[in-house]
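Input: structures, listed below.
Two complexes, one shared chain (subunit A), two partners (subunit B, subunit C).
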Partner chain A sequence: MSEQASALKKYKKRSQMAEVWLRFRKNKAAIFGLIIFTCILLVSIFADVLVDYETKVKQQDFMNRMASPSWEHPFGTDEFGRDILGRVVHGSRLSLAVGLGSVAFSLLLGGTLGAVAGYYGGRLDNLIMRIVDIFMAIPSTIMAITIMAALGASTFNLMLAIGISFIPTYARIMRSSVIGLRNTEFVEAAKAIGAKNSTIILTEILPNCMAPILVQITMSFAFGVLNVSTLSFIGLGISPPTPEWGNMLSTAREYLRDAPHMCFFPGMAIALTILSLNLLGDGLRDALDPKLKQ
Partner chain B sequence: MEKQASEKNIVLEIEDLVVNYETDGVVVHAVNGVSLRLEKGKTLALVGETGAGKTTTALSILQLIQDPPGKIRGGSITMDGDALLTFSERQMESIRGDKVSMIFQDPMTSLNPVLTVGQQIAEVIQIHQKVSKAEAEQKAREMLELVGIDGGRAGEYPHQFSGGMKQRVVIAIALACNPTLLIADEPTTALDVTIQAQVLELMKELREKYQTSMIMITHDLGIVAETCDEVSIMYAGRIVEHGTLRDIFKETRHPYTVGLFNSLPNIKRRQEMLKPIKGLMPDPSNLPTGCSFHPRCDYAQAICSTRKPAQTFLSDTHFVECLAYESNTGVTITKKEG
Partner chain C sequence: MHKYILKRLLMMIPVLIGITFIIFVILNMTPGDPALIILGSEANDETVAQLRDELGLDDPLLLQYGRYMLGLVKGDLGQSYINNRAIFPSIMERLPITLSLALLAMLVSVVVAIPLGIISATKQYSFLDSTSMVLCLIGVSIPSFWLALMLILFFSVNLSLLPSGGLNNGIVSYILPAVTLATSGAASMARQTRSSMLEVIRQDYIRTARAKGVRKNKVLIRHALKNAIMPVITLMGLTLGRNVGGAVVVESIFTLPGTGRLLLEGIRSKDIPMVMGCVVVLSILISIANLLVDIVYGFVDPRLKGEYR
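Take a look at the complex of A and B:
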């Protein structure tokens, strides 16, 4: 009897999120990605606590230029004798912030465009999606380079430049989800209780589109981080002396033969971040897909 | 329809409603001049085959017909003295769910899978009444209790409920704002028979409690007999026979209605073969001339294909649209057996 009751209780407690988590947990690679990404996130949030900016990141030490990793400098030092560990830790902040900002920007704009196009359909849909198609036709890196060249280098412009290239993806994903949901009976039922179109989109349709959007967020976040580094590497993103993985790589490239560690650590940071985000995204996609439900 | 009796307390009056679905050159005549009126607290059944225009009639009351291609081309719908067809979209939004509610056919799909049932009931309350979120949620729990579900389950999702319970939730949403008119579009088709009885009983109980009028769309004559006061038989977008429950069930007149009854299995004469109505519903984009039922009618004469039948009143409450009941048409219906 009590066993039955507890079984019932257990069943009741299993909300949708809990079920997704159960499925996610079984995926070892995804859990690995989640752990790594959480670590990177924590390091970047608490960068100031972990490494002092003034003494470790800005302090130059010309007696100790391009030193190999040692106890004092676990990642070694760069061409001005600055601690690479400190610079990698602080560099994560800008990469992640710009990555996140660009995702938020494109999600907001692309998601809204896609939802409106999908929900209202017809001529408006055609107009919006053709404009989106034009954006899609331009390679994202070239687009970002053009925007940065036109607007000038600043953190905000960087977010904008990277974010714009994600807009088509979000618009398309959102539009297709909304079209699939637009004619469902529960949307009709919501109309029958007098809900406004905006209410229907926000409260009835949007929660149903979360799965593909969530996966896309992790994927494009990874791509955003990569793009920040790419732009910084070619000198259009964040310029030295501000530490950023891309510009660190860019200067380290010149000393590749003499001090390979200068390239190795920022490169590893980029690779790890993107790997963890991709693993996380893959895991989420599998966990959120109800067809794979056991 | 011009009966003078019971003029009082008319909740809904539809006059000559015409609804077309118009796509590239093809016009589908879904509803061709439907008139009906409904008194407060009464239940009207709209009965007919698939495609007879029942749902279209009901949806046009709420103006929820998909446009394009659906267009209301004529007639008037009056509710409590308001001409609904002149209302703006915003005015309609304030009526939907508040004065007129709708129960959809399939409770599995008419609830949003990612919102809790409590949220979904609270939503309609928040849209129409100036209450805080907490109050709306409290009211939602009360509505759940009212339809016989433990209020503590308000935080659960639709997939945690059975079909019958989901339909109860849908009924709770429909009745949350105490509507004057409830439109039930085949509310029990998706449920199994034992649950059907429970749900129908519940609807009846709640309607009597709140004096709600109801339009019940169905093709199940058993449900009609159990729950309705008046019956309108629809065929090809017209009401071909209308009367009280007794008129239709005991004094069946229209050949189509007779055919509907003959299509039901009869428990008393089990050997008897079922007699389905021969043929199919006419293509609504290309309706037959004259009486639209004549190609399938056993008693059809030449005149049936040229002359449109008018409403013939057999009593104050009972009318039929068939040339056999009009004088000097030469059409007669000979009843073959009891």
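Take a look at the complex of A and C:
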């Protein structure tokens, strides 16, 4: 009896986060994604410690142009004799920062719009969601290209251009979660004791719709990183000489026949980042919502 | 069914107005005076003012938008700032290339993804299933422009099998661009097909059909796929939209003279009417694609049709 009771107690003590972590931990692919992504994140945070910007990334060495990978330059050198490994390492910074910025921007704006639409309902809901629908009808690449063309290339504009296309998704997710929760007892209870609407949304409803939002964050982060490099590749994002994976590939394309190694590594970096985020997102979705697991 | 299609058609109008308005407003924020772009920076103030007046650039934004929409209905998207050519015919000239690329990529995706998804679902956790799902994961993660470069490197530079760009070889020229564009769509479609098939084949009516003695393949296609295909069709609509957007990048890599390249050229030369025209035409196309998807939905799912009888 006592054994059973303690087992029950132990089970009950586990918080929801611990439950999620337990399920997540069992998923090998998700853990692999988490490890890879953590490594990429650490590399980008400590880029300055790992590779010196002045001597490795900026310094040109014309005796050593387009050298194949070697011990000295594991990823080879580019058309100015700069070390590609160093540029890939430093290139991660802008890609991740802009990706993260665009996610934060769209989460804030889309989440607020969706929460307001779902919570108040009625005409306001209708108005907001129709506008969101229109934004959703413009394909993200075209939207981002248009915005970059109009506002000009800068890191901030890039964040804006990429972020705007995520807004509809966050608004929709947030709205449907809020609609599902707004008539629950705990929201009614909060209303009864006189809590303000904004307090109810932020402290009662928001924590309960974190699951789909969290999954969407990893997915749109991956898409954001992809879009940064795509825009830079076609010359509308971050332009050289600042190292960025997309613009490195854009230059490398000119030398495809003579120096294929220049194309290989920056692309691998993008693919690996996106792959790790996708694995992480899939794992999170399965761990947060066991019902969805197939 | 007619009512359903009509309703979808009517719903498209406000969306199209919204899309064009948003694009119009965004592109109006472009710095630089269009009159100066046309006349060159050495033009004197008087001629600039005159041209601004002619182009209606000093009118309120809404009036300019109204004028643009009036033109759009008549198939007039204005004139290029750079070479004074009418925009609409220049886009129409290039559009078939973009369309064939997007549709071809779509075809490749569907032909590869749906059978792959079905097989993976029926043989869950088999070697084939895990291999194809790993490949799909790589497929969604690989950036299309990098894939394009790798394909060129392998098939054009190393093997000299396929052309690396241009349109001189007819349909063969489309192979690499279409495969590039198809990859991510195919990968997500295969994943979607697999997961919705998995959901469906566990249902009771599938077991019933099998117990009745219907052959396995027939059950899979007639009973399971018909129900599992709905989310895949939604994804197809999304993919077509993404393909049109992706075509911009792919056309620039494979030097195909499509609408996407026209758009990028327009951006480089600050030719706002050209950019506007390309974006509007591509967005309208995507809306039409979504409309088609909705109509297909009506045919596949009789419940939807029933609502509008």
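The rule is simple: the second predicted complex is superposed on the first by the 277 of 294 C-alpha atoms of A that agree within 3 Å, B and C clash if a C-alpha of one lies under 4 Å from a C-alpha of the other, contacts with A are read in each partner's own complex, and residues count from 1 in each chain.
As a convention for this text, a contact is a pair of C-beta atoms (placed from the backbone, for glycine too) under 8 Å apart; a residue touches a chain by one contact, two chains touch by 3 or more.
Just so you know, these numbers come straight off a predicted model, no measurement behind them.
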item	value
Partner chain(s) touched by A:Asn208 [first = subunit B, second = subunit C, both, neither]	first
Which of subunit B and subunit C A:Thr184 touches, first, second, both or neither	first
Contacts of A:Pro69 with subunit B and subunit C, given as first, second, both or neither	neither
First, second, both or neither for A:Gly121, with subunit B first and subunit C second	neither
Partner chain in contact with A:Asp133 - subunit B first, subunit C second, else both or neither	second
Contacts of A:Ala149 with subunit B and subunit C, given as first, second, both or neither	second
Which partner reaches more residues of subunit A (counting touched residues only), subunit B or subunit C	C
Touched partner set for A:Gly81, first subunit B, second subunit C, both or neither	neither
Partner chain(s) touched by A:Ala192 [first = subunit B, second = subunit C, both, neither]	first
Touched partner set for A:Ala271, first subunit B, second subunit C, both or neither	second
Subunit B/subunit C common contact set on subunit A	none
Subunit B-touching residues of subunit A, taken from the complex the two chains share	11-12, 15-16, 184-186, 188-196, 199, 203-204, 207-208, 210
For the subunit C and subunit A complex, residues of the former touching the latter	14-15, 18-19, 22-23, 26-31, 137-138, 140-146, 149-150, 152-153, 157, 195, 198-199, 241-242, 244-246, 248-249, 252-253, 263-264, 267-268, 275, 279, 282-283, 286-287, 290
Subunit B residues touching subunit A - in the complex, by the definition given at the top	62, 64, 92-98, 101-102, 104-106, 109-115, 123-124, 127-128, 156-157, 160, 170, 173
Residues of subunit A defined as touching subunit C within the complex	130-131, 133-135, 137-142, 145-152, 222, 226, 229-230, 233-236, 246, 249, 252-253, 256-257, 260, 263-264, 266-267, 270-272, 274-275, 278-279, 294
